[in-house]
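The following pair of complexes shares a single chain, subunit A, combined with subunit B in the former and subunit C in the latter.
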Partner chain A sequence: MNILARTRDRLLGRGDHAITVPVFDGALKPNQHLQTAEVVIDDLVDPNDLATDDIGLLLASGSTVVRIAANGAQSEVLRATGRVTALATIEGGLAVAIDGREVRVFGGRHDGFRVCDVAGKPLHCVNALAVRGDVLLLCDGSRNRAPDEWRHDLMELGRSGRVCEIDLSKGLAREIATGLGYAFGVFANDDEVWISESWRHRVRMSGEVGRKVLSELPGYPSRMAPAMGGGAWLTVFACRTQLVEFVLREPAYRKRMIATIEPDLWISPQIASDLHLQEPLQHARVKTLGMIKPWAPPRSYGLVIRLGVDGSPQYSLHSRVDGNHHGVVACAQLGDWLYVLSKGARRLLRLPIPQIEQELGR
Partner chain B sequence: MNIQDNRGSMRRASPTRQSDSLPLPTQIAPGRPFSAKYWTSASLDKTMSETLVKLRYRYWPDHIVGEILSKRWTETAIPVAVLIAVIWFLAQAIPGYFSGGQIIETLREGGEIGLIVLGLSLVIMVGGIDLSVGSMFAICNFVALLLIQLLDLPMGLVIVGTMAVGALLGGFNGVLIGYLKLRAFLTTLITLIIFRAIYDILILRYSTDIAAELPHSAVWDFIGAGDAFGLPFAAILLGFLAVGGHFFLSRLRHGWHVMAIGGSRRAAHNAGIAVRRTVALTYVASGVLTAMSASLFASRLGTLGGDVGQGLEVTVLTAAILGGISLGGGKGSVTKALVGTFVVLLVTNGLTALSAPGGLTKMVLAGTLLVAATFDIRWNRNRQRFINSVYVSPTYLALPPSPACGPDTGTVWQLNDKLRDVEVIGLGQVEGPEDIILDSKDNLYCGSRFGDIMRFRAPDYKEVEVFAHIGGTPLGMAFDKDENLYVCVAGMGLYRVTPSREVQKVTDETNRRWNSIVDDSRLRLADDLDIAPDGRVFFSEASIRYEMSSHMLDVLEARGNGRIVCWDPATNKTKTMLSGLHFPNGISIAPDGQSLFFALTTGCSVMRYWFDGPRKGQVAPVLENLPGYPDNINLASDGNYWLALVGLRSPTLDLANRMPGFRKRMTRRLPVDEWMFPQINNGCVLKFTPEGEILETLWDEHKLNHPMITSMREHKGSLFLGGLVNNRIGRYTLPKEQADPGFVQYQHRWGTKA
Partner chain C sequence: MTVDPADKVLELRGATKLYGGVPAIEEVNFTLRRGEVHALLGENGAGKSTLTKAMAGVIRLSAGEILVAGKQVSPSSPRDALNLGIAMVFQETSLVPTMNVAQNLFLGAERFYNRLRGVHIAAQQFLQSLNFDIDPAEVVANLGAAKKQMVEIARAVILDARVIIFDEPTATLTPEEKIYFFNLVESLKKRGVSIIFISHALEEALQISDRITILRDGRHVVTDDTSAFDRDSIIKAMIGRDLSNSFYENRKTGARPPGRRVLSVQNLRVGVAVRNNSLSVFAGQVTGVFGLVGAGRTETFKVVAGVIKRDLFHGGEILLNGKAVRYSVPAPAVSDGVAYVTEDRKAEGFFETMSIARNIQIGALAKLRSVNPFVRGGDEQRIGSQWRERLNIRAVSSDAKVVELSGGNQQKVVIAKSLAQDPDVIIFDEPTRGVDVGAIAEIHRLVNELADAGKAVVVVSSYLPEVMALSDRILVARSGKVVEEFSALEATEEGIMYAAVH
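Our next item is the complex of A and B:
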């Protein structure tokens, strides 16, 4: 694109400078299933990721990994040296990302495996793991920012994420996608690798120029989990607003905001809202006649999308602006139940899938 | 910021101000723009570029551009500017072009053409077009010469006869277009050809005969070539007709009918206007004016050449469109027609003087017509959009960092849950009780967004009724001594409801400032009021630029657009006392009866203004740099004052307030729903002393009942709470030791009624 066209776009707000956001339409039509879901555990402590093994559900909580019984009882399985930022099960063991800077395997065939850098570059922000046979797939979200600083990475227009593939039996590690606008979720669909590229609002395949699986999402995609019957569950941890899109095109404002204001109070997507008195407010979110409109611009939102085998969205589960089950970063399907981790509400939720599919006419 | 600092900055009383940067208290002449420097932003770190931004927004008045453009007269201003440019250019290009004689000749010619332009403009305004003016002109010229030279009729008959022929020709068009509803363009194109053919036949037959005779009338010579008062007769005639035409179009019923039909034929018909007749008559008028012009031409030149009036329609049409007579109809004025006429005339004559070939002159005319017509269409379609985009003009506003509010600040701003268990009154029965008030019999009144004053009956407030319907959006309220309820009504002004429930307008206008571009004599957004001991009503007007429905734009502009106005019952006069205020809101008379407290919502401060006594005219800050947006102020039973913070400041908006360009782009690119807005889902009530110390704050930590509080009123040990977008009124029972259980505001202010 030539510089004239770019300047024109910038002045007139067209092209890359347009701040339109796709609407929740078709398979993304809003409902309140996530908001009305059964709460399995309330008040989780620093929950980060979910995984499943033969026995049941595992949750990364702070620096521990706990097993969740069907009744919600928690039992510690593992205690790591730092915060567990991603979790996966592999060959009878547990693959765990610690503080985003290293990945270790505990138990099973590859017990004791540890990796701290790939392709000569240290891991910095490992936030998602997936397994395909002997191969461990890891998302290194950003080269500059730690997992908790994802808002900084967004506001700095971070494009330094990568996805790496580690063949545990051969001990080979390589990058399979680089220059990602925050890699936050990876999924092995047969022989394809799907990657959530949050800041570009899409799910793409691995490779230098990854083919799009799903693009122009109204939110920021995060981790994926396999769905029964093929395809995947895609979590969307926050949704886009035109105001955020606008601020992303205002370098001077962003710079001063990053420098002088706490991230919780930024104009940026959040995993939860109404936590602070001095949070920014958008006009449509003014509480009117005692209610917040569910269609107001979402500062935080709860969304899980069911993807088919080909990556096309089938249906979705929502917790809308007036709800609180927001910031969904992980989910896992166990039998007929979908477990959903709402990091924003610090809750583990559970939904009966066949019943919901019936209600949605699936 | 530690606790002491925090309290200290709040307690800073007016006479002993520490800040050296602000020369306050200030003596202010009534109605004078009030300097925005009433709070200190000295503690902010400002970069060089921010200082430049600040200066640029202080001294370059962006808002004026939009205000000027939204005036109707700007549409005339553009052709006038073109006229001036043309004059300037010709004066430079052709030495001596504007000599006395040349001007007289131009005026004479302008008089002739101007008459036809007036007629055509009338036709265009009614939604039609008249292309046959050139041919009509030729016929009328022939008729005039025939009557005066061949038939040697008296002067009066010649003129009347010529005009009658013009009326006949125009009437032919009028009947076809007005009554038979043929298309104006096609019809007049055809009559152009017919009339021209008639003219050709006539001159073939009579031209030699006519040319053989000479007129013998001095009057006839005078109208063609004579001057009066140094001006050519044609110009004087045009002047008279122009004044008359302006009067007709702007003041008379039939002129309005013409405009109405041009604006919307169907609506005009439905309104009972005789559309067909009016349309037909405009063509007659066009014919008559053309005939007058032809008479002037005939007496001046007495020529019967084949090319008389040929191509005249293009010249005249260009003049009308260039002047700004909209081709779509319904818009235009005599001034525009005249300006267009002289632009065209000067350009054509100028080109002739520059000895440009005739073809070029025509090309220039046609090109001008094309450009003007394009501009006309684009402008009419996009004018409002364009004005909307330039009218909103955010400015620079820097507030010092806000004091911390939250669960564990340890200051007076510590969050608490005192308002959690408020009693809820009228849930779902009221919408938008911005202010509430109680009378001496304990009845509760509030406004609603439907324009009603609602009354809840004491003692249990279960029964509600519409006390009075005013309209608009009732906001602040106060009782006077006679228990008249004075109400500020957004969009309407200051009203009162008598005890017998009669609604009376008190005032809806104030004095107009000489330098304001928007009409600031109207009260657009009267907000809150209080009544001085002598009965004078002081009320705030939040903005002179925006209505209630768009008040968020004023908040976003963060400019001092508001004012304090006083209505005096003794003289029934309304006068602006202070202006240039940042969204003035709550008003409450101070204990001395000589001053009042007023809240500046976007200025995040509370001020005191002395309207009487030794300090008359002075303004001093009471509370500065509040962490939220102050709204209504009302008396507390212990002699202090309650203040509602309608919302809290968010650092992101504070930062945006220092970046006007950012906000401007935001208003242009984002829909209103997406705009940054003050955090009005979180607010509180606070109590302050007249000296400016904050004693306590009341919060609803979990935001269940009263997320937003715009007003509160203490009454017999309870604090009643209202909110602009709430569907309920709250009643908080004050702790016994803090409130006088017998306190009634009416009695406190006016004494027990006899």
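Our next item is the complex of A and C:
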């Protein structure tokens, strides 16, 4: 784009400089299903990811992987040397990302496999894993920031994410998508590989110029999990707001904010809110028709989207601004139940899918 | 029952009007009594407008006579009719758009020297006495359809007419404005003014009229006291067949699932009319947009279609099939598959002195102009006949001028003009305003067929039963933005109305 067009767009708030946000409507119409979901476990310690195997549900919590029984009872399966930032099951074993910097396989045919770099570049922020046969797919969210520094990556307009493919039987590893605006989810849908790209608010296919599967999301997408009957579940860990979109277009403001304010108090999406007295704008107000009313832009949100085989949204489950099941980073379907990990509320939730679908008229 | 001749303020005997040898009305007898509200009902093309235009001096009868207070008259112009005490409030506004409200009210009744301030004050007082909330200094072109209609009504009242003919007066009014209008009709009645009331809203006719006359195919069918009618008997008399289980009473039992998102409007701003409006439209569905007049619905979709422009600074984004678009004029929107069927067909919908076929071909050419630079007369006839048949446009031939058609058939021409462009997104703005029940059913069927064919269909309507009968999802707009979304199955009239008002 030439400089004149860029200047015009910047001046008039058009194109890349438009601070617009898509609306939650159609299949994304808000409801309270996620907020009213059954709480399986409360007060989880540093929960990060979910996976399923033949026996049941696995949860990555801190540096451990625990098995979750139907009644919520936890039993430790694995203790790693660092934080488990991503988890997947592979042929009787577990693929685990540790501190975002290495991926190891425990148990099964590929027990002992370990990878720390791909294409000559070290892993830095592995936050999602998926398996397709003997191939392990991994999301390296950012080359500059660790998994916990995702807000920094957003505010720095990070575009250094990548998705890598590792053939475990041949020991070959390669990048299948690079230059991603925070890769935070990968899903093998038959022959296709879907990637969720958080900062570009979309799900795309692999490849250098991957076809869009789903774009213009009103939130920041994260991990995906297979859904029974085809398609996938997509979690969205925070919603977009015009205020944040505005901040993202103000480099000087962002630079100063990053330098002087704690990340929890930035004007940026959060996985949970209403936790601190000094949260920005929680006590703002607007004057409408002469009446002063309390107002605050939402900072966190809870959302899971059911995607069809072609990636189109079918319906969605919400925990709205007034709820607390926010910061949803992972989900997994076990039979008729959908398990959802709310990192913001530090809870594992459970929803009966047939009942929800009936209520939503699906 | 015999009527005291002194009570007959207006009478037509054997009224006949021929257009090109074809009768628009034939041997119609009509009597209007002092201080009564007389509803004139019939399908589009039944001859209601022709009959009332003859009374108001707009056209002259081919045969028959008009008697005012027992004396035979022959008004040759609206001025003549006004001198006889007959005023008509037209369905399509006849105000001067470049003049302000006060000037329009006193148009034709100016003094040699007019002081504008005095005119404004008099207009203000008069409008307030009618409970009409309109700024007398506002230029008419800036008013919405409802307010224009209110100025029309006020003008008829200010001229102190003894007979006022209202042609579809409530079509553009909000529920609250309708209440004012009905109160106005009551007060006029008490002052001895006789009112002829043409409406397609049968419930309104049943509610406010004293007597009802029904025409069909240019002929008088029945006249009787309103108490002798109910909705079903009126419809039967109007169309000559039973139309039980009205399409408005049939609740949707299922909704089409959404297809891909075709249109995404994000944070759109247009002056004070549209304020940060966001919505999506999906393929294979009818998306109904309900709202009261002034909710910003029309303006939003006019921006989508390139008819008007959004705000220059931070006016929001419109994405068509995922691609940001910004149309300054409608032509590129048409090329990209967006069709907008206007709410104001007379001003924006067609070229009234051109034929049906030519109007439709002009619509088709708007999309295809770059493909073939040559326009062929044969194509015009072919396209005209094809669409006339498909939409059942009732006219002598495709060469008939649009101005000669009834409101419902004119609306079908406007729709055909848009559909000839083979659009992917079709926006119907008030698709059945001023259209009779038979044509409404046909237009509704067409809307459903388009959605079934995978098109993204938007129906903007102020008529709640229509929105509920047609839509798979319903968006409710208030104060310039969409404030609520209902699925067809969960929508209730109360819920939608609450969202639209509060």
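We take it that the second predicted complex is superposed on the first by the 346 of 362 C-alpha atoms of A that agree within 3 Å, B and C clash if a C-alpha of one lies under 4 Å from a C-alpha of the other, contacts with A are read in each partner's own complex, and residues count from 1 in each chain.
In this text, contacts are C-beta pairs under 8 Å (C-beta built on N, C-alpha and C of every residue); 3 or more make two chains touch, one makes a residue touch a chain.
Just so we're clear, the structure is a prediction, and the values are computed from it rather than from any experiment.
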Touched partner set for A:I267, first subunit B, second subunit C, both or neither: first
Which of subunit B and subunit C A:Q242 touches, first, second, both or neither: both
Which of subunit B and subunit C A:G15 touches, first, second, both or neither: second
Greater residue coverage of subunit A in the superposed arrangement, subunit B or subunit C: B
Partner chain(s) touched by A:S316 [first = subunit B, second = subunit C, both, neither]: neither
Touching partner for A:D25 - first (subunit B), second (subunit C), both, neither: second
First, second, both or neither for A:S61, with subunit B first and subunit C second: neither
Contacts of A:P297 with subunit B and subunit C, given as first, second, both or neither: first
Contact residues common to both interfaces of subunit A (with subunit B and with subunit C): 13, 19, 242
Subunit A to subunit B touching residues, read off their complex: 13, 19, 241-243, 246, 250, 252-253, 256-257, 260-262, 265-267, 274, 276-290, 292, 296-297
Subunit C residues within the subunit A interface of the complex: 255, 258-261, 264-267, 278-280, 282, 312-317, 319, 322, 324, 326, 473, 475, 482, 485, 487, 489
Residues of subunit A defined as touching subunit C within the complex: 11-15, 18-23, 25-27, 29, 212, 215-216, 242, 312, 361
Parts of subunit B lying in touch with subunit A, wherever the complex brings them together: 402, 405-406, 415, 431, 552, 627, 647-653, 655-656, 659, 662, 665-666, 668-682, 703, 707-708, 725-728
